[in-house]
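We call the chains A, B, C and D, going by the order they appear; numbering starts again at 1 in every chain.
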């Protein structure tokens, strides 16, 4: 299975896939979700700058890759395993928005999602979530559940041994997993050319006996279509797919990063005019799906929703030291309970 | 009661638990058709099929890491690391993921995972196969660390481990696999975590050990008895959770202690035993507690291992010193 | 003497060593153009070129593992792990390869490798970034473990580390990176491994610490002094090699000890400190030695870290208890 | 760079590459080396059965892959990094045969090779030697040394994260490394199909931006040729190559293994008549390079050399406890020296 090349990323100079994969109203919803993702990133940065939240990584520039893929899953049936930029996908698949903010505000239990939510918590060791996704998909199939697992990772994370071990295992076990590799050109300050000499990361699929394809990651329809194909394949028992979504990080790595230290301005040039939101808006306009004023309404509603969730998260209770001991073990044992009471008393 | 060795006890327990609960699946390198390089899973694939007894690609990280996902899907994975030394390849998954997923998810995701791994010396393996590295897992909050010394405990603790809602690193002493036969209760048998086993009672010195070192401790206690020194021997059984009260009491009764383990001295679990005892039973101590361990050097090649792994003679010397001190 | 913070001291030392010895090369994630996420390598790429200051792919195992090969080729690699918590991904290479290659080759292959890694809490990082995991490296014979607490020692110990023929894990306290400024000797400055630093002398209780915990110990000693309890404070500086004589003497002088560290309690290096002291200075002990550590739980999210990381208040409470006991 | 397919492994039913890569006398030497490798394996098994040596893994069936590749290096200039079956390559590149036996007899310092020997010791954690090889090659080039590093590993080891991380790094750094993947169909009892779903492991090269090729691993000329090409490429600064040598493990995994527990007899059938030594002999015969009786002479001489080395190794001194402490550190420090004297005294 050779990897397909995207025809429409800046380096190959194309102009976008035209096959429609989303019905008209879904397309509007995808646009709304992209606006939501953008606003969430922007709000996160503001709150962090105001000292109201911890470090956060934004999705600016990657909204099409995230939204196009997340919408190819069925909610309540399929699973999402995030890296850390895919907050919109987590929310779309059932994580309460307030918990997203609680997480970045450092509140305990923020990653305990409502029962039945098919989303794993953010975990921070790059690529370590990939074998989890494979085990999860394998386990679902073992139990006759036809859910599919969509796991996100970056081109940096793809260099980790875990990525290799996971994709190879997925091949052997024909696990129903979609590996969504967002190649945004950077791992913090490390550019793609120092990350790998490969011309295509999707090409790795062949070495694992799974399907692989490159897609224009800034075209929400193209991403949706590729993911939908991969989900169908996985659902049908045909195994995993590696999708390399070629995209670009339009902002800093995260709130702690200062890209002017390492990015030459030229690096951004080929990506000018590739903003996935602009591209989606154009498409909607061309197809007559976005009436005058609708975008403003969407933006206002999204802004309010996000502001309300952030405010609610800030109101959530302060955490006492007993929080340290919660859910470390189902059954903590005498020693930990003694440490708990000593620590709580020692702090009084 | 049936007499069996430890490998047999482990195999029977795995079979019984797989029979009892169809969510239990076994995965690891060569656990299927071969039945494991030590035959601990012999016959399981034939009986439960290759969907429940799974030969894995050669990647320890993927074994531990996929166990996390299997557990989330609702299964109870029992993963084998072919040797504890190679669990180093999966260390990031074990300490960062298996051990922390419950905590990370605020209790939303339980991790009923068992990771079985043989370890320990005196069996003339190549490098890395015999390393005793239990302490590093004790420093990984969220996982329990279990180290049976007898076939009966192997059964009782493994049964408990499979049923436990928490992840368990279950350490199997290579040297005890076949050597030692003892009586194992038939039918259902569980041993609770966090309760040490008093191997023998004695008046003068308390010898503390776990896993293969328990036999060495017993042999040394025999030698000491012949010299008129009466030793208690306790087997900790589980390092996490640690039976700190039981331990402190066992040492307090004699006021003297010798800790024996196969791992290198520095920052080995013996240090924790000593620190815990002096925190809880300082005033009853009559002499410095001694450690008999490997030196702070890598597990050596074959011809040197007799010098490296604590022997009954070395333990006896420490018992003597400790009995005489003060 | 120049006043500088720890990041500056590290950066200057790296530059000086690269200047002195062209075999020294720096490698790690984002160490080049960016100058490291904490700027510890800032300016080095510009000065020494991208062949000597190398941005590596995102794979900690390959960073540690290629350092082994670089050393064999005749270079002196100084590798950065972006955070100690992510060295877990390279753990098999560090403990199984970096630490053992000299031994494996019977001394034929020297491993003059430095692995730098920031660690420690109170800086509100996401999970895994702040974990204190020094003890697990102490249990990996063949590597030295160094943990400076001041900018001057950061320079002196790093210079020594780069020149040392043995591999060194060099731990940098995140909290101390910028916070703390102190006088750093100009020009050549080395601090030998295995010699603790007496931070202050006192009569009643000896407080033992390393890395960021030294400042906490000092603050607690100040509070204790105000209550009339006079504390010695010692900074171990290097865990491997351990200055066991210096440590035993420092505790023997007061007969009372409190050990402070950020890692979880069980099997943390504090246990080793206590075990070593009671082996060497048992008869001078007047009270149980106390540990002030994190609990046996994962490093928590932001709002909880003030409860998790030992504070001067908690250390003071332990000093009081220890001073009053017996 | 797409991977070339071998035309002549049993699964594709070919009959062997015919391009000569070795001059006539080198071909005879290759044959001798293969006999040597075979004899060494057989002798190892006998000594182990007699209790005179520890566990050892034989090279039976893989002699062409080992000998063909090792001879493509220049002795004294290039480096060998073994897995554990490549004893013949270690000896060819300068490791005294007696030290090989000492290693398996558990004698200390057996892996301290004479100064200048460009061979790394056997290390046991699978795939962990691969990043060493990359660092070594990179370091040589950094210092203007044009040596090439040949590193061996199995198709099982190839599943480890280290293999991925190493090959990707080799691509980025254009390290002069030849990755010699001996795909012998088995990792202990685990067959290839449970190891990976990939049809070609050489195909992984593309995902790292290095060259990749499959070769008939039982044809010493084909292996030599492929390796020589890769060495030339590496020497010229063109970077690394992944060679997948398709071969077959003709014996048990090692002296502790009992393959009848897991191998169906049919598994061996396609490999009957593929013994690399038989194939080399045929070729030599066809080209008139092997005179009557020469093979017997070679076998006798090899047998004597090996027996003498084994005997010498057995005579080497017994090890005392001070051996534990040798070369753990260049500078062991007070604590370790104290442990040393206590242990030595305690053992008296």
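Please note the rule applied: a residue touches a chain if its C-beta (ideal position, glycine included) is under 8 Å from a C-beta of that chain, and two chains touch if they have at least 3 such contacts.
The shown structure was predicted, so the numbers you read here are calculated from the model rather than taken from an experiment.
**Student:** Count the C-beta contact pairs for C-D and for A-C, then tell me which is higher.
**Tutor:** More C-beta contacts join the chains of C-D.
**Student:** If you average the Cα atoms per chain, which one ends up farthest from chain D?
**Tutor:** The most distant chain relative to chain D turns out to be A.
**Student:** Would you mind pulling out the distance in Å between where the CA atoms of chain A average out and where those of chain B do?
**Tutor:** That gives a centre separation of 40 Å.
**Student:** Based only on mean CA positions, could you tell me how far chain A sits from chain C in angstrom?
**Tutor:** That gives a centre separation of 35 Å.
**Student:** For chain A and chain D, let me know how many angstrom lie between their CA-based centres, rounded off.
**Tutor:** Each chain's C-alpha centroid was found; their separation is 43 Å.
**Student:** At which residue positions does chain D touch at least two other chains?
**Tutor:** Only 108, 110, 123, 125, 159-162, 164-165, 168, 172, 194-196, 328, 335-336 qualify.
**Student:** Can you list the residues of chain B that touch 2 or more other chains?
**Tutor:** In chain B, the residues touching two or more other chains are 56-57, 59, 61-62, 85, 88-89, 92, 96, 103-104, 127-128, 141-142, 240, 242, 266, 296-298.
**Student:** State the interface residues of chain A toward chain D in the complex, per the touch definition above.
**Tutor:** By the definition above, chain A touches chain D via 159-165, 168, 171-172, 174, 193-201, 203-204, 206-210, 239.
**Student:** Touching chain D in the complex: which residues of chain B?
**Tutor:** On the chain B side, the touching residues are 29-30, 32-35, 37, 55-62, 85-86, 88-89, 124-129, 265-266, 295-298, 300-304, 307-308, 313-314, 317.
**Student:** Can you name the residues of chain A that touch chain C in the complex?
**Tutor:** Listed in rising order, the residues are 54-55, 103, 105-108, 110, 123-126, 156-162, 187-190, 194-196, 256, 261-262, 318-321, 323-325, 328, 335-336, 339-340, 343, 346-347.
**Student:** Touching chain C in the complex: which residues of chain B?
**Tutor:** Contact set of chain B toward chain C: 85, 88-89, 91-92, 95-96, 99-100, 103-104, 127-128, 133, 135-136, 138-139, 141-142, 240, 242, 263-264, 266-272, 274-276, 278-279, 282-283, 285, 287-291, 296-298.
**Student:** In the complex, go through chain B and note every residue touching chain A.
**Tutor:** Touch list, chain B to chain A: 25, 51, 56-57, 59, 61-62, 64-75, 77, 92-93, 96-97, 101-110, 141-142, 144, 164-166, 193-194, 240-245.
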